[in-house]
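You will see two complexes here that share subunit A, one where it goes with subunit B and one where it goes with subunit C.
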Partner chain A sequence: MIELTLQALFSGLLAGGYYATVAVGLALVFGAMRVINLAHGELVLLAAYIAYAAESRYGINPVMAIPIALVVVASASAIVYALLSRIEQDREINSLILTFGIGIIMTNGILTIWAADIHSTTNPWFQDSLVIADTLFAMNAEVAFFVGGLALMAGVYWWLNHSWQGRAVRALTSNRNAAMLMGVNPRQTEILSFMIAALLATFAGVAIYTGKTVFPSLGHVLTVKAFIITVLAGMGSIHGVLIGAIMIGVIESLTVTYLSASLQELAGMLLFLVVLFVSPSGLFGGRRALAR
Partner chain B sequence: MKHAILGAALLAAYVGVPLLFGGTPYVMGLIVAALTIAGVALAWALLGNLGGMVSFGHAAFFGVGSYTSAVLSMKLGVPVFAALLLGGLGAAVASVAMLPALRLRGPYFALAILAYAHIFQILATEMTPITGGAGGLLSIPRFPTLFGLEFGGKTGGYVIILTIILLSAFVYDAVRRSAWGLALKAMHDTEIATRVIGVPSTHLKAAMLALSAFITGVVGAFNAHFISFLEPDYAFSSTWTVLPIAAAIFGGYRTVWGPVVGALAIYLLDQLVFKPILPHGHQMVLGVLLCAMILLSPGGLLPVLLRRRRSEGGRHAHA
Partner chain C sequence: MTRTLAKLAATVATAALMVALGGPAAQAKDFLLGSELPLTGNLARVGQGMHEGIAVAIDMANKAQAGKHSFKVSTIDDETSPAKAVAAVEKLIGDGVVALTGGYGSNIIGPASEAAQKAGVVYITSGGVTPDLTGRGYKTFFRINNTDGYALAMIGLLQDMAAKKVSVVYLNKEATSNLAKQVKETLSAKGVAVTMHEFDGSTSDFKPLINKVKLQDRPDVVAMVGYENDYVGILRAAKVLKPDVKAMVGVWSLATSQMAKEFPDLMENVHGTSMLSFPVEFTQPEALEFAATYKKLFNKEPDYLGQFGYVQTRLLIDAILRADAAGTLAGGGLPDELRKTDAQTLIGRVTFDAKGDNPNFTHRMGQHQGGKVVLVWPKAFANGAMRFPATPW
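Entry: the complex of A and B
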């Protein structure tokens, strides 16, 4: 019983790592531009399918496919930004609908090119199991991408706190006008946040392709999950996102272990609703509220 | 003059269309399906226009309405037309569960409601004893024959969905013209100032959410009895969210008739033109259309067309 619980906690922790890489990208873009990019999950999915195409057609190792996927995803992200910046009236609502539309285009584009089949890596190393302390099991891919994801997020965290550009992103998040008076170029900073989001999305996409399975409707699920995590965390808090993501991961894996796999999504959603009800500004968001 | 046009339009819709297409079930089926989308689009636009809320979760109301009505008529023997209204009521009750989300601003509300839609879909799949689970419900009672009129067929279904849409549009228009409508309009401009002068804005928004859910639920219930089959993946499909949004944005969600016209145009284009070309990814075209409308003409097509006609007539465009 204890072993089972420990295993569930461990698997949840690993899943939380890749949820966090997806959610941090969404939160960064939201912070800089006040826009929730509903196509963010589709960007992750695009990276996963690029890795799949590279592996199945040219036999390229998924990890080696990251640079190729990064170029494609960053271009897609730049297009999303270019379209978003053209919206003038009712920015909040129209940007939601616009990115929703872009998400539909991407999901159906992927469906048209790669069909609705479920894919995962064919490289056996990623799916070999790794045993830790004789009791905890994981796939090589899960552990590798968990560690890599943490390193990447640590890098983003350092960048946000110590580089001029990173601080500019945070400045835009906390007060747009004051940041512009201090010499922050909003367009440049927004583009930068989209590029960092693309980098995180690429990494997460390849992680999903090697450690889990990918299918066209996954993008939508990822966007919703990333949004839930961002709300749990409260906006503008990177370590909050990491903790929220791990919470979701752990709750999901406990539900799968003790209840049923089909209730997995429900557990996370219910947690989300409870948090919304009790503390609408999130668990780590301070008083800067998302609610009125 | 205005009454004469209205009368002629009603006559054409109730008598002309069935006479013209009643003999070809395929065309009639297409029109009914387009009107089903139109009903949801109307309800979605009501929430967006009057309540200032964007919802990505109308599939939840559609699904709850269809399941409520189907289960009541199958297991408890409730007459189909009564079950239709109870389906709407069920969806309105489901919207009460979403009230905590009303505390959230624009994007948060939109996504919270998306999360709700997922929850309802999972519940419908898991509550196997009531809903039949993933296997779905078969042979849901069709509409009966009343006063010598047969409502079970395609033409009967057409008359029912047309009536639902006309009544919904009538209620929508009445709310918009009432004092509530004025308060809601003021809320759209500045919510804080509106609350200061004593408008119970949260109550009004909750009422709009419930009304929108009710209409969507009735349309969902209609669809269940019309096609006589339900399964969770179908009843809660994102199609019931995506198509109505595209239709409302295309036609103009700030008008009463824009979403209906938009739904007819979008659905028929989708089925007759795009689906044969792109059998699997034809929704891509809807995405393109949605993006193009938001970027080029966020107010929709209907207001643009009307404005052009009115300015030709030398009058000022309406706001």
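Entry: the complex of A and C
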């Protein structure tokens, strides 16, 4: 019983790490632009497929493929931003529709280029098991990217709180006009947010490629999960995303272990609803947006 | 008078000659078939495979019927969506297709074939195995495989393994659930201890579930019923946790060359249903032509999906030709003609019962061995020895 519980908690923690790396990019963009990028999951997926292409064609280690994937994902993010910035009216609803459409185009583009087969890394190190105290089991990929994801999120958190650009993003979210009066260039700040989100999406995509399987319709699933976690955390809260993601991961894992794996999604959604019922702005939402 | 009689005689002779030559029935015809398949969405991989098999059947039919008749297929992507499958079927029927071949996923084929039934158009498939599909009693619905055939194969292998305890890990979709339950019922009746673990399609981390199997069930064999990404997730988790089992056994989409190529470390010694070994070893003339045509059109070896797509379409084409020759095609005689089918095909003997099911269907079991897929069950079709006990780790 103890072994089962400990493994469930450990698996949930690692799963939460994956969810968090996918969700934090979405949270950042929403915090900066008040735009929900429904193509975010597809950007993550694009990074995964670039890692696949690099490994399958050129034998490049997926981690080494991150810079290549980043260039591609950043370019795609720039295009998304360019299209979003043209929206002048009803930005929130119109950006939802636009990014939803972009997501469909990207999904089908990926399908056209790489077909529908499922893929994952063939690098044995990522698939090898890591055993802790003969009780906790994980793949090397899961642990490595969990640690890397934490470091990346810590870096984003520090950047938002201690760098001028990060403060500019937060200022823009808080009061756009006042931020502009203080010398913040909104366009540059928004582009920067998108590029940071692209970096996070790239990391998440490579993490998923090494630890899970990728297929063209996965993007939509990732976007929905990221959106749920972002709302659960409180819109724009980065550390809330990490906590919310781990909560979801752990509750799902415990449900699989003690109830049924088919109730996993239901458990996650119930947690989401309960949190929103108790705290409608999310765990760390309301005025305390973007890292604080 | 003599001239008039001569003209009359010539006219009668000409008419008689036309009748003797067969008249209108001798005219070459173009037959348009419809195909609704998931070419995008979650089932894109299987839809594409079936689509290739259908294309091979069309190509071979056109070659066999050159100068007599020609066949074309109009394909619409149902995007793995039941609603879009219905729309696709309605569009194809509106375009005047003679019959429909395709469909994948029982939850999609159900509404799609219902739309075909309402229009009185034949719908033949190999992508929906759940008993409910033929339980509806539709005159126009036909399928060449079913849950029973997959279950028989899996159960047969498990019995040969003399497994005393089996854990069944299965996806909570209709077809997979039905198959899992059938396996449980049959094995339990034979005194095998069976534990069932249902999972959702969104499950990506199977470690908690496999850990439960490892620590609580302690089975001899883990039976997996799902699709490709499910198998990979389960096998990955099993490779990390290393449960003390003797074999990992799955069903469709597992014992394939594609899985051997993409996941060589995960597939070794894993069992799955397979009509074909890999590399493919065909000996029959039709099978050799099928493989050659597949290679010509798609530059690769055929897999089981292409094989099924080919067989269902070939049987449909044969029935269309028979119905056309009998003059019953236009009058809705195709379903009756299909029911007269009794053919030896690449998947064995195919006949259709009153419900449109093929009661002869029994699958075979293959095992991944060193990058190849070796048929190991039943012994009559085995081309290699089963490795047991054996797992990927």
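Methods note: the second predicted complex is superposed on the first by the 285 of 292 C-alpha atoms of A that agree within 3 Å, B and C clash if a C-alpha of one lies under 4 Å from a C-alpha of the other, contacts with A are read in each partner's own complex, and residues count from 1 in each chain.
Everything that follows uses one rule, which is that contacts are C-beta pairs under 8 Å (C-beta built on N, C-alpha and C of every residue); 3 or more make two chains touch, one makes a residue touch a chain.
Nothing here was measured: the structure is a model prediction, and the numbers come from that model.
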Inset, instruction - Judging by the criteria at the top, classify the pair subunit B and subunit C on subunit A as clash or fit. - result: clash
Inset, instruction - Report for A:15: first if it touches subunit B alone, second if subunit C alone, otherwise both or neither. - result: second
Inset, instruction - Give one of first, second, both or neither to describe whether A:82 is in contact with subunit B, with subunit C, with both, or with none. - result: neither
Inset, instruction - Give one of first, second, both or neither to describe whether A:71 is in contact with subunit B, with subunit C, with both, or with none. - result: neither
Inset, instruction - Classify the contacts of A:265 with the two partner chains as first (subunit B alone), second (subunit C alone), both, or neither. - result: both
Legend entry - Partner chain(s) touched by A:118 [first = subunit B, second = subunit C, both, neither]: second
Inset, instruction - Please work out whether A:151 is in contact with subunit B alone, subunit C alone, both, or neither, and reply first, second, both or neither. - result: neither
Inset, instruction - Once the structures are superposed on A, label A:132 by its partner contacts, choosing first (subunit B), second (subunit C), both or neither. - result: neither
Inset, instruction - Name the contact category of A:178: first (subunit B only), second (subunit C only), both, or neither. - result: neither
Inset, instruction - Check the residue A:256 against both partner chains and state whether it touches subunit B (first), subunit C (second), both, or neither. - result: second
Inset, instruction - Could you give the residue numbers on subunit A that contact subunit B in one complex and subunit C in the other? - result: 107-108, 111, 115-116, 262-263, 265
Legend entry - Touch list for subunit B against partner subunit A, complex: 48, 54, 56, 100-101, 103-108, 110-112, 114-116, 118-119, 122-123, 125-126, 191, 238, 242, 245-246, 249, 278, 280-284, 286-291, 294-295, 298
Legend entry - Contact set on subunit A toward subunit C in their complex: 3-4, 7-8, 11-12, 14-15, 107-108, 111, 115-120, 122, 124, 127, 129, 137-139, 212-213, 215-217, 221, 253-254, 256-257, 260-265
Inset, instruction - Flag every residue of subunit A that touches subunit B in the complex, lowest number first. - result: 35-36, 83, 86-87, 89-90, 92-94, 96-98, 100-105, 107-109, 111-112, 115-116, 220, 224, 227-228, 231, 262-263, 265-266, 269-270, 272-273, 276-277, 280, 290-292
Legend entry - Touching residues on subunit C, where the partner in the complex is subunit A: 40-42, 44-45, 47-48, 80, 172, 197-200, 202-209, 211-212, 215-216, 228-229, 232-233, 236, 239-242, 258, 262-266
